[in-house]
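By letter and in written order, the chains are A, B, C and D; residue numbering begins at 1 in each of them.
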Amino acid sequence: MINKKVAGVSEALQGVKNDMTFMFGGFGLSGIPENSIAHLVKLGVKGLTCISNNAGVDDFGLGLLLQEKQIKKMISSYVGENDEFERQMLSGELNVELIPQGTLAERCRAAQAGFPAIYTPAGFGTEVAEGKETREFDGKMYVLEHAFKADFAFVKAWKGDEAGNLIFKGTARNFNPNMCGAAKITVAEVEELLPVGELDPNQIHVPGIFVKRIFHGQHFEKRIEQRTVRQR
Amino acid sequence: MLDKNGIAKRIAKEVQDGFYVNLGIGIPTLVANYVRDDIEVEFQSENGVLGMGPFPFEGEEDADIINAGKQTITTLPGASFFDSSTSFSMIRGQHVDLTILGAMEVSEGGDIANWKIPGKMVKGMGGAMDLVASAENIIVAMMHTNKRGASKLLKKCSLPLTGVSCVKKIVTNLAVLEVTDNGFKLLERAPGVSVDDIKSATEGTLIIEGDVPEMAL
Amino acid sequence: MINKKVAGVSEALQGVKNDMTFMFGGFGLSGIPENSIAHLVKLGVKGLTCISNNAGVDDFGLGLLLQEKQIKKMISSYVGENDEFERQMLSGELNVELIPQGTLAERCRAAQAGFPAIYTPAGFGTEVAEGKETREFDGKMYVLEHAFKADFAFVKAWKGDEAGNLIFKGTARNFNPNMCGAAKITVAEVEELLPVGELDPNQIHVPGIFVKRIFHGQHFEKRIEQRTVRQR
Amino acid sequence: MLDKNGIAKRIAKEVQDGFYVNLGIGIPTLVANYVRDDIEVEFQSENGVLGMGPFPFEGEEDADIINAGKQTITTLPGASFFDSSTSFSMIRGQHVDLTILGAMEVSEGGDIANWKIPGKMVKGMGGAMDLVASAENIIVAMMHTNKRGASKLLKKCSLPLTGVSCVKKIVTNLAVLEVTDNGFKLLERAPGVSVDDIKSATEGTLIIEGDVPEMAL
C-alpha cells in the first residue's frame, strides 16, 4: 500500500506558491476544504487563480482568500452572496471567468482522465461560446472546452484511509471527486482518517491513486448557507 | 391573474408520472408543493442528489445535505448522491425528463436569458446553461412583465442569452404559451385575464387560434 | 420513487427486435447479464450488433448467441478464447470491429452523459485510427471517437432496489456502470432486488435514473474463466 | 541468457517505491513475484481493481474478483474496485506510473506491435492501445527473437502497430535496451551474453557506448 498520509495541513500544502492555479472542491459552503483554505490564508500566497464552483461568502470559504486579496482570478459558475467579491470584481481588481457548472465539472474530469478537451452543448449561442470552436454533431451544436491545468487540487472528504481512498457524505461530494487527480498535486482533507483495510473496496468513491496527500482536518465548521426547515 | 404559487400550481400539472424533474431557484422550487400525490416523481438537484424530499425538521438540518439553492433538504427512500460530473451526465444525457426554470426574457424563437444583466452584478449561470442546452422539455416559470411593466416575452432577447431555441412552454401570471415556429401560441388564460390583457403584455408574436380557454388549476 | 421493477426477464426484454444494437456489461465472464443473454437465445432475435468488451466462450456468455448465429456484428476489445467466434469471423459470417478497451468504455460513457464524441490518444498511428479524424492538443495526437448508439443495454449488478439504484461487487462492476443509460433502454438484472430504502444513498454506484427496468435474475452461474489459486 | 522469470526479475528492479504499476499478460505478470519487499507498490488491473494481491487459496476463488487476464485474484488492504471508465482515467490520465507489457515487435523509434498478425486469428488489443498511448513510462518484456530466430527489435515494425513512439525501455532474454532518438541503446547484457550475440539478434540500429555491463539480478 502506498501511504499518502501527511502529518497535517502544513505538510499537505508544501509547494504552494504565488501565482499558482488551484482547484477547490465544494458547492456553496458544503464540502469545501476548510482546513486547506485557512492555511492558504495563513501562508499568504497571492496572485492565485482559483477554480471553484462558488466563491464562498464574505467570511467563510474562498471569501477568506478574497478578503486578503490573494485571488487574482476566479473560474466559477456562480458567485453570488459575496459582497467583497462583488466589490473586487466591479473595481476590476478581480478577474472573473464564469462558465457553466457542467462544463466546470467536466473540464476537471477531463484533466483527471487524460482528455484534452470535450464537446458540450452548454453555452452554445451565448457569450460563453464566443471565441471558442463550435461544431455540429447529429444536427446539434457543441462547444469545444479544454481540460483545466492546475497545480493543486484541494478536496474535502468525509472518510479516507492512508492509501488515499476517499468516501464522501451526501451532497458534500459535488466537485470533489472530479477534481481528484485533475491537478499536479491533489490534497485531500478528511473528517476521519482510517488505517487501510477499514474501508470496503467496493465502496470507495475515489481510489487513492488520484490523491497525493491526505490529512485529518483539525477543524470542520461545516457552515450552513441557507438553513431551511419545516415545522413538526 | 396568478401569483407565484398559482404559476407553480399550473406548472405542476405538466409533471407526469415517472418524470425526473429538475427545478430551478425561485418559482420553480414551489412546483414541488403542488405535484399530485398519486404520481411518482423524483426531483434532481444538480449539486448531486436524486430523490429530494421536503426541508428537514428543525434541528435535523445537515450541512452535508443541501440542494442547488444551498438550502438544507432531506432525501426520500430510493435517493442517491453523486458527483457533479455524474449529475450533469443526467442532465446532458437527457435522463432528466423535465426542467423548470425562471427567466428574465424569452424570445419567440425559444431563446432564454436568465443569468446576466450587463452593468449590474453578475452572479453567474450556475447549471442553467447546461440545463437549457440539454433538456428536451423545458418550461419557463416567470411573470409576464418585469417590474417596470415591460414584456418579458419578446421578439428577440435583449439580455445576454443563456441558451438558444430551447424553451418549449412558458407559464406566467397571465397565460400558458407554447413556443412554435411562428411565435408564442397562446394556450390558456389565467383566471380573470383576457386575451387583450395578454396581447398588450406580449411584445413577441402572439398566435391566437379560436377561443382561448381559461386555465383549470 | 419511480418504480423500475419488472416481474422477470421476459418483461424486461420486451421490445427487443431483430437487427438491433445491444450493449452487454461484463469483462470476460465476470459481471455479464446471464439471464438476459439466456432469454435472448430463447427469443431467437437475429442480426444483432453487440457492443461488449469480450464475446464470451463457446458455451457461455455471448458465445451462446454466437452458437445460434444471432450476432451479425461484434464491437469488442478482445475476443480470444472462443472457437465458434473464430470460425464465424474467418468465414466472414461475423463482422468484427475491434477497438481499444478504454475507447469502448468511454464511447459508452459519452452516450450516457450526452457527449457526441471524445478525443482519445488510444490507437493514434494504428489501423484503429484509419479513416478517423485526428488532432493535436498540446503536442500530443488524439483520435476522435463517437458515442455509441444502442437500443438496449443489458447490465448485471450485485444488489439493486426498486428505484433502479445499483451496487456492484468487485471487478464484476467493469463496463456495467458505463453502459447504464447509454442505450435507449437499460435493463439491469440483479442478484438481490431490495425495496427502496434498503440501500445507503451514499453508496449507490449507479443512480436509478440511468436504469429503465430492473429484475431479480433467476439464475447466476458466475462461471470462472481462469481459475488460479495458490497453495496454502 | 535469461528465461522468462529472469526477464521478470530484471524488470522488477525498475519498479520504484510508490509506483502504481499495470502489468500485461505473460512475462509482465511474473514481475509481481520479484518486486522488493521493502518498497510499496500497487498493482492496477484495467478491468477495475487497484491493490491486487496474490492468487486466492484454493476454495476461496471468487468469480467476481478477477484480473485483466480473467484469473481469480485477491486484493490487499487499501484496495479499491471501480468501473472501466475510471480505470482508463487512471491510465489515460497518467496516474499509473509504470506499464509493463509484452510485444511481438518493437521499432528503434519506440513503436510497438503486439496485437495482431494479419492472416491469423486476431484476439484484439484489449487495453494495450490505451496503455501505450497514455503511459509515460513503458517497459517491454519479450524474447529478443521470435520462434523462427528473427529479431523482434527492428528498424520498423512489420506488423500492425499498437502504438507509436511510446516504448522507453526493453528487457529481453539477452539485454536491457533504451529507446533513444538514434536507435536502441544497449544498457546491459544478460549473464553470459556477449555484445556480438546482441548485435546479431538485433535488426534495428544498435548503439553501443563503451563497455556494456552485465546485468545484476
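Throughout what follows, contacts are C-beta pairs under 8 Å (C-beta built on N, C-alpha and C of every residue); 3 or more make two chains touch, one makes a residue touch a chain.
Owing to the predicted nature of the structure, the values given are computational and were not obtained by experimental measurement.
Touching chain B and chain C at once are the following chains: A. Our note on geometry: chain A versus chain B, Cα centroid distance of 28 Å, whole angstroms. For the pair chain A and chain C, the distance between C-alpha centroids works out to 33 Å. Work out the mean CA point of chain B and of chain D, and you get 55 Å between them. For chain A, residues touching at least two other chains, in rising order: 109, 114-115, 120-121, 168-170, 201-202. Residue positions of chain B touching 2 or more other chains, listed in rising order: 49, 81-82, 85, 88, 91-92, 134. Viewed as a network of touching protein chains, the structure does not reduce to a path, ring, star or complete graph.
Of all possible chain pairs, the ones that touch are A-B, A-C, A-D, B-C, C-D. Those residues of chain A whose C-beta lies close enough to touch chain C in the complex are 114-121, 137-138, 140, 142, 146, 167-170, 201-203.
Residues of chain B that touch chain C in their complex: 18-20, 40-42, 44, 49-51, 75-82, 85-86, 88-96, 134. Only residues 45-49, 54-73, 81-85, 87-88, 91-92, 111, 121-130, 133-134, 160-165 of chain B touch chain A when the two sit together in their complex. By the touch rule above, chain A contacts chain B in their complex via residues 27-31, 53, 76-80, 86, 89-90, 96, 98, 100-106, 108-109, 120-128, 158, 168-178, 205, 222-232.
Across the interface of their complex, chain B is touched by residues 1-3, 109, 111-115, 161-163, 165, 181, 196-197, 201-202, 204, 207-210 of chain C.
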